[in-house]
């Protein structure tokens, strides 16, 4: 069994993932946020305003999946991130979600901005890399959900719940226009793998 | 003599190559697979579904070159990858092949998708880097074999065996459309060097 | 609290930032310079002509904010950089500035050269990453100040003082044409975060 | 004084530079070669066919500047590289050259191939980064010498000697078409810095 992030203490694993993604340029400034499920009712998420390349295990807040209230801080000064509501939506929608990762890349942002104003999804390229999302088809036609960005993050979270509540997406990810992707998985390692896959696909799209 | 991967224990060396290629973005998600010949009849290959940046020496399966059957696992949970059949084809075709490496890059995928539908090869650019494939000519005209992708990997393996059995390729590599390159060499270090050379050439093509 | 650069000894922190930025290709050759405020009247800045990937704590000069004179050297051979005058302008203009970072990237240079000859600013893209500069608006229209380059660096510094003295910029950064960005913040970590944000935005612009 | 490569044992320093450049993708496969002057009459150069990311201090050959003959091997199996003749030309032409570095990048190759067939030089972009080559002018018009590639490396070396013997170049570097740059400096650190500067300039050109 590979030495996956899943064998590590969850917050230590998120610190490692944060430093990894930061080093790739996927978490510029203090952007992005990373969470892992703590139990049926809550998850740990990176605190607001932390530079992801310098994170430590105190930089987390535990959040209630229902209601999205702060339950606990790893360290006294850690504050709840406004984007926690999107993570709440994901954990509410998908009982099997064990981790949720949100990053910003130039490619994802470019691709999202180039999509027509009325678009609510992007067609992913029909390439082998789709197997990393468990898409096994000869001529796959697969869509990534696209949501509009707004300053009021809970409104984005509502839109996600509404659309995915009505019809679960085939791809365990979503793109917010001008903003970046949010990806989830049953475990942190699976979510991490899928972020790489989604970013590969969007990087491919950005260049076609 | 450089501290090549060839002086290392073969599976430890593959772990190092996997982490190296993963760090470059060449093995996103759990994509790609890497093998080294064990003896005349078998090779060790990365197990199915492993994230290549977190691999360890248990994440391998030993496979019979003839018949492509699993012979041994480095650790109990390691499972045979479907793409082993392509490695089998390479070791069957080329008695001197000591290692075989398959990676996915955005550039290789782009170049393969841009090729005309009827193309069965790509012309590599006539640049100095071709010497890394032992091409020493003033005006080289060299082709990289291109195969169609399909869900049934053994069919790709058959196509490879058929074409290369009839006429061995000049370049020790092949490209599967929408998928990525497979490269081999007499040793792991040689195969590793050639992956770099092929990816350089395809990155060049992707930008022309 | 994350393990920010702000908890380190200031020159040791600048060495770490220099190595980090150099590894990204943002400080090619001996380009760029980095400073932190020492007290109300002076700052430490990287010495002239140092390769930023090999810096050590002796490679600094302390400079008077008023008059821009050399006050002290970390090591005897460290010489004052000509670009110190731009840092002086920043510390004079902004009493809260605690650090000032100047780097060169291909993207920033490209974007600055593409701007019309008469342009005195660039419109930043209206994407989520702007929040990293504390821009919270639904449809942000934000400009990055653009200055002309000249061999006489003090003339650039004067132009900065004149324009920003009359009207402070909304974005804590400036771009010199064909040259690169200069970014400041209350602390070194904040300036570092903002460099990442500005470079993300310019990389986005370079590709649109 | 920064911890430059110049304070290291010369071959140990070349090993460090080789690993650094390899990690950037500038020495794919076994491409490129790096040398430092040993004394007035000879230099140490990387041996033929070594992967630069796995080099050690045995992987060098000492070569006579006049006549380009092998004088000594760091380890018995190290063989003289065919490209040593270009390094000989540089050390013969420039008595102050202390190091000479040759790398292959996709950007440099692209730019060289795009140049008109009759071109014998490329105009470098008039950007601030030129100061890294000691070009201090308000509107610099600076050229990088371009040479044709050929299988017979000594013929390239002759062309270099002929042209630069007649008129020394302003920029301490040359580009071979379809091949890559060769850069020199008084010390290894200076040559290393200049490689970064030249590659920055060519990367800029590749994108305009």
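For clarity, chains are labelled A, B, C and D in written order, and residue numbers in each chain start from 1.
Operating definition for what follows: contacts are C-beta pairs under 8 Å (C-beta built on N, C-alpha and C of every residue); 3 or more make two chains touch, one makes a residue touch a chain.
Remember, it's a predicted structure, so these values are computed and weren't measured experimentally.
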## Note on the structure
Note: chains that touch chain A and chain C both are none
### Task
Give the label of the chain whose average Cα location is farthest from that of chain D.
A
#### Entry: Centroid spacing, where centroids are CA-atom means, of chain B and chain C in whole angstrom
44
### Message
Could you work out how far the Cα centre of chain B sits from that of chain D, in whole Å?
### Response
31
### Message
Using the touch definition from the top, which residues of chain C touch two or more other chains?
### Response
none
#### Entry: All chain pairs that touch each other
A-B, A-C, B-D, C-D
### Query
Where on chain D is chain B touching in the complex?
25, 28-31, 50-51, 54-56, 58-59, 75, 77, 104, 106, 109-110, 113, 149-151, 176, 178-180, 206
### Task
In the complex, go through chain A and note every residue touching chain B.
1-5, 24, 125-129, 131-132, 136-138, 189, 192-194, 196-197, 199-200, 203-204, 207-208
